[in-house]
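Down below is the structure, laid out as structure tokens.
Read from first to last, the chains carry the letters A, B and C; within each, the first residue is number 1.
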Amino acid sequence: MLKDFFNWLGDLPPLLQVPVVILAFLAAVGLLLFFLEVAPRRGRGYTIMRVAVAVLVPAFVLFAFGSVWWAIAIGALAGGAMFLLDYRSRAGTGYVLQLVGFLAPALFLLVIGLIYPSIATIFQAFQSSRGRWVGLENFAWIFSQPDNLVTIRNTIIWVLVVPIISTIAGLAYAVFIDKSRGEKYFKILVFMPMAISFVGASIIWRFIYGYREAGQSQYGLLNQIVVWFGGTPVNWLQQAPLNTFLLIVVLIWVQTGFAMVVLSAAIKGVPTEQIEAAQLDGTNAWQRFLNVTVPGIRSSLVVVLTTISIASLKVFDIVRTMGTAYPDTDVIANEMVTLAQNFETGRSAAFAVLLFILVLPIVIYNARVIKKQREIR
Amino acid sequence: MRSTITRRLMLPIALAGAAGLVLAGCADGGGGGGGGGTGPGDVGEADGVVTILGTIVDTEAELLEESWAEWAEENDIEIQYEGTQEFEDIIGTRAQSGDTPDLAITPQPGLVADLASRGYLQEAPEGVAANVAEYWTEDWAQYATTDGVLYGAPLMASVKGFIWYSPQTFAQNGWQVPTTWDELLTLSETIAASGTKPWCAGFASDAATGWPGTDWIEDLVLRQSGPEVYDQWVSHEIPFTDDAIASAFDSLGEILLNPDYVNAGIGDVVSINSTPFGADIATAVVDGRCPMTHQASFFEGFLTDAGGTVAEDGDVWAFLTPGPEAGETAVTGGGEIVAAFSNDEDTIKVQEYLSSPEWANSRVALGGVISANKGLDPSNASSAVLEQAIGILQDPETTFRFDASDVMPAAVGSGTFWSGMVDWINGTPTEEVLESIDAGWPSE
Amino acid sequence: MTSTIPADLPLPGAKTTQGAVERADEGNITRRSKRRLTSRGATIASLVIAILWTIPTFGLFVTSLRPQEEITRSGWWEVFLRWDLTLENYQTVLANEDLSRSFINSIVITLPATVAPLVVAALAAYAFAWIDFKGKNTLFILVFALQIVPIQMTLVPLLTLFFRGLHTAGGTLFEGFQGAGIYTQVWIAHTIFALPLAIFLLHNFISEIPGEVIEAARVDGAGHGQIFLRIVLPLTVPAIASFAIFQFLWVWNDLLVALIFASGEASPITRTLAELTGQFGRTAYLLPAGAFIAMIVPLIVFFALQRYFVRGLLAGSTKG
């Protein structure tokens, strides 16, 4: 069914597929929303409709997947059970169905695409590359190699430096250009790095950090500047631990655009009345910024810091294409990819688990923020 | 009551979770899995379409498609070739999930062995086996064999270990092409004494940085210690820390770690790591900034792009890296293995054709490459260097060994061996480098 | 983007606000002229950031216009000493037949892969924000934490499911996507990978809509469907627009997912770009030109959606 639809869709000209698939998708969502709207209504007609939807939708979904009849029957029965549960719900008839309707699409996709693979990865971390149980051996290997300790240290440096600097730079820029003439065009300048594919970005930075010995024609801008000032060119990326910071600059360059766009929108949401009131109180610009703007955009700041932190934990392509030639530049995500490619699935998975652990503080912090928000409300 | 509802609410979620677990069973039970060499069973159908995945891209890929176009039309088979430079990144994922091409053209015998030992590959069909026996040397057939089973035929070939130089500069200064390793060192000293650094090298190649260095080491191991030791090294019967390997590093160190010898026209010793192996080095050679560099036969293309003519009497020409004694020919080289994931009739036909001399001649005549197929006519070669390379490959006196880093398991061959070369250039002591390369050998 | 709805956001029908916004606009104009005089430091600082951030891209642009032999011989800034530019690189890249096909593929992949996760995530974010159920916080934090799952770890299981389907001893549960259109897999894969971040971002925004607004609608008899469609969606236009931009960019510039899920005929432009370097990187000099061609669409999208950041917000507060 589903396959037939996509098969039919695939025969259309590519550009025609876009509107068709989007419209089909939106129509399905529209239907869902209509049902969610009427779900809690009372009356026999609505009750019949709820039964029909609860039983038919799971059955139809399974049918569309091409399931065998007994699976479809089980789906229909589960749907029926859900209806009964919903009918007796203390929170009101329709409550359960509404909740499932809003959450099920996302949760279903997350389970097949992310949750199941992460569970599998955790199991793999305790297995050898050919599936034998080895206990903590993979972790013991990680911590016994001096190179790996450098890798872990570098990852921590990345996750500490990138979010803070990109957010500060993005925020400063957003504030400075706010309401200025040509704001749009100023924004695009800092946003541009996000629009460049990584293949392009890696070349760009070769033309910044590149090195040739004194007397040769330089192709890296940084060294050319050194030469103009009468210095001797330096092989920048060769200098550990400076090289890690130079690679970090690349990610900052990319992520500042993200911070700037998000924070700029947040700043525009700070009520002008509040700023005017502060102005009347005779505060200077810096005080207004600290006391009015920053509290007004606090939760945006948390979002930006969190998102960039996670992006810096996951970064691998910058290190992979630009850092491989140089000492002590590796990070966990890159090592994980390399190991997986070499069929060392166990060790690779152990590194992935280490990443999960590193992200815990960020998760816990956000959990507390979310809880606090709920309490305020 | 409220809590029972919410608990029940988790039902759909739990169901979905259970579905995930079923999936787990499915993934494990699917294709081959952890078993050894059992093969994937029957895969694919003879539907007139054969898909091939390989590392060959761009114009080279167009030539490849051109080389079989006529045959495919005659035999009414549509060959869909897809080339990607990320081949190594994706073939493992696709093999594990079953979404495989019919044929894979892989430049790494080590990867073929990895895939074969995990049960993803089909044994070579009879016709292919017959072609391999007839048209390829024992040495080559060995590289397509895992645990005594042949999994495919070689495709193209390249000869490694050429040292590129400028015949004119050599003639002007009265320098002679060396015939032994010692003569090469003496020549380097002479050039250095004249005030020019004699060598340039570039190891940079994005994620593959370091590989040009492994070529050097392989050349030296083969020439200094002979093919037996080389084979033992490749199969890890002797470790990297063995004296034979250490002495190859030491010999190479006399050139590449000597600040008076490198990096001509580019920088100091460590600049080797940051210099891309291709255009940058070729430009330095053609511009006359760099007297000598070590690189495989494909380097001719870069030299031509940089504006040099490659010929015995041209701007640039090459000699083979000499061994301890004059007159012996032992070379390392590379090539591709065509291995099959499917075993339907059409796939077998295509695989057989690609192992035949007809295909080899058809492709080599289009220019730019060579093959080690014995049925290849050397006059089809498109350039003097390539003709010379075919001569070396077809000479029965030649000892040929496949690029060791391509034969070793990926964890070493394209892992710690590459990164070890980088560390070594960066100044890590040889002993330490050898230990860390060896530590990368897969646990099982 | 989030937290932007002021605490005193006017309820629907409150006439006074319109005037307030207009006054605020007038205030902006007078203040703007003042600002430009007083904050010279800020102007200089923003110019410095703008220049620092643009130089690398500018260098790439100049490089894309230089002849092949010059690129490795000298730095790009030397064009200002010796003017030597050419369009040849662009001509060579544009003559590549794969490029136009993959350009279209990128569009076909990116648009549905931007819309679908947005809608699915908005639904879930709404439930997390405005429907109470036990274990809500735990579940939300779990979804949030899924952001860290490295995509590389998910490729094998997901491709296995798409290729083989799902079978039990008793029969087929899901038949897989073999022969079901060339874009289906990559659309679904991108949708899944975008969800954790999308839910997190949209939830932050949706949950800050003042409870009174939602309550008022509920009193008027609107169900969750109407509230979502008529109130939540319009009020979150800025969040949706900015996430749409980012998701569009990520999908457009993605290589990793495309390598596994969009092979052969469905190859997007990033794959063609990666192959532009040619065998052994011989034609790497074409990359700068290719990168600029690939950049055009994301920049157009940014310009087109940029205005929603602000307008969406004001529209929300005046119309309700």
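A few notes on this one:
The rule we apply is simple: contacts are C-beta pairs under 8 Å (C-beta built on N, C-alpha and C of every residue); 3 or more make two chains touch, one makes a residue touch a chain.
Given the structure is predicted, the values throughout are model-derived calculations rather than measurements.
If the chains shown are joined wherever they touch, the resulting network links each chain directly to all the rest.
Of the two interfaces, A-B and A-C, the higher number of touching C-beta pairs belongs to A-C. Chain C has its Cα centroid 39 Å from the Cα centroid of chain B. Separating the CA-averaged centres of chain A and chain B is a span of 36 Å. Computed centre separation for the pair chain A/chain C is 11 angstrom, with centres defined by C-alpha atoms.
The multi-chain contact residues of chain B, meaning those touching 2 or more other chains, are 2, 9, 19, 23-24, 27, 89.
Contacts with at least two other chains are made by residues 72-73, 133, 156-157, 161, 166, 173, 255, 274, 284 of chain C.
Annotation for chain A: residues touching 2 or more other chains are 99, 107, 112, 115-116, 120, 340. Remark: chain B residues 2-3, 6-7, 9-10, 19, 22-24, 26-27, 30, 51, 56-60, 80, 82-86, 89-90, 93-94, 96-99, 205, 276, 278-280, 283, 298, 301-302, 305-307 touch chain C in the complex. For chain B in complex with chain A, the touching residues are 1-2, 5, 8-9, 11-13, 15-17, 19-21, 23-24, 27, 33-34, 88-89, 92, 114, 118, 203-204, 206-210, 263, 265-268, 270-271, 273-274, 409-411, 414-415, 418-419, 422-423, 426, 436, 439, 442-444. Taken together, the chain A residues at the contact with chain B in this complex read 78, 82, 85, 89-91, 95-96, 99-100, 104, 107-108, 111-112, 115-116, 119-120, 128-132, 145, 147, 202, 210-213, 216, 235, 237-238, 320-321, 324-327, 338-344. Within the complex formed with chain B, the chain C residues making contact are 68-69, 71-73, 133-135, 155-157, 159-164, 166-168, 173, 255, 259-260, 263-264, 271, 274-285.
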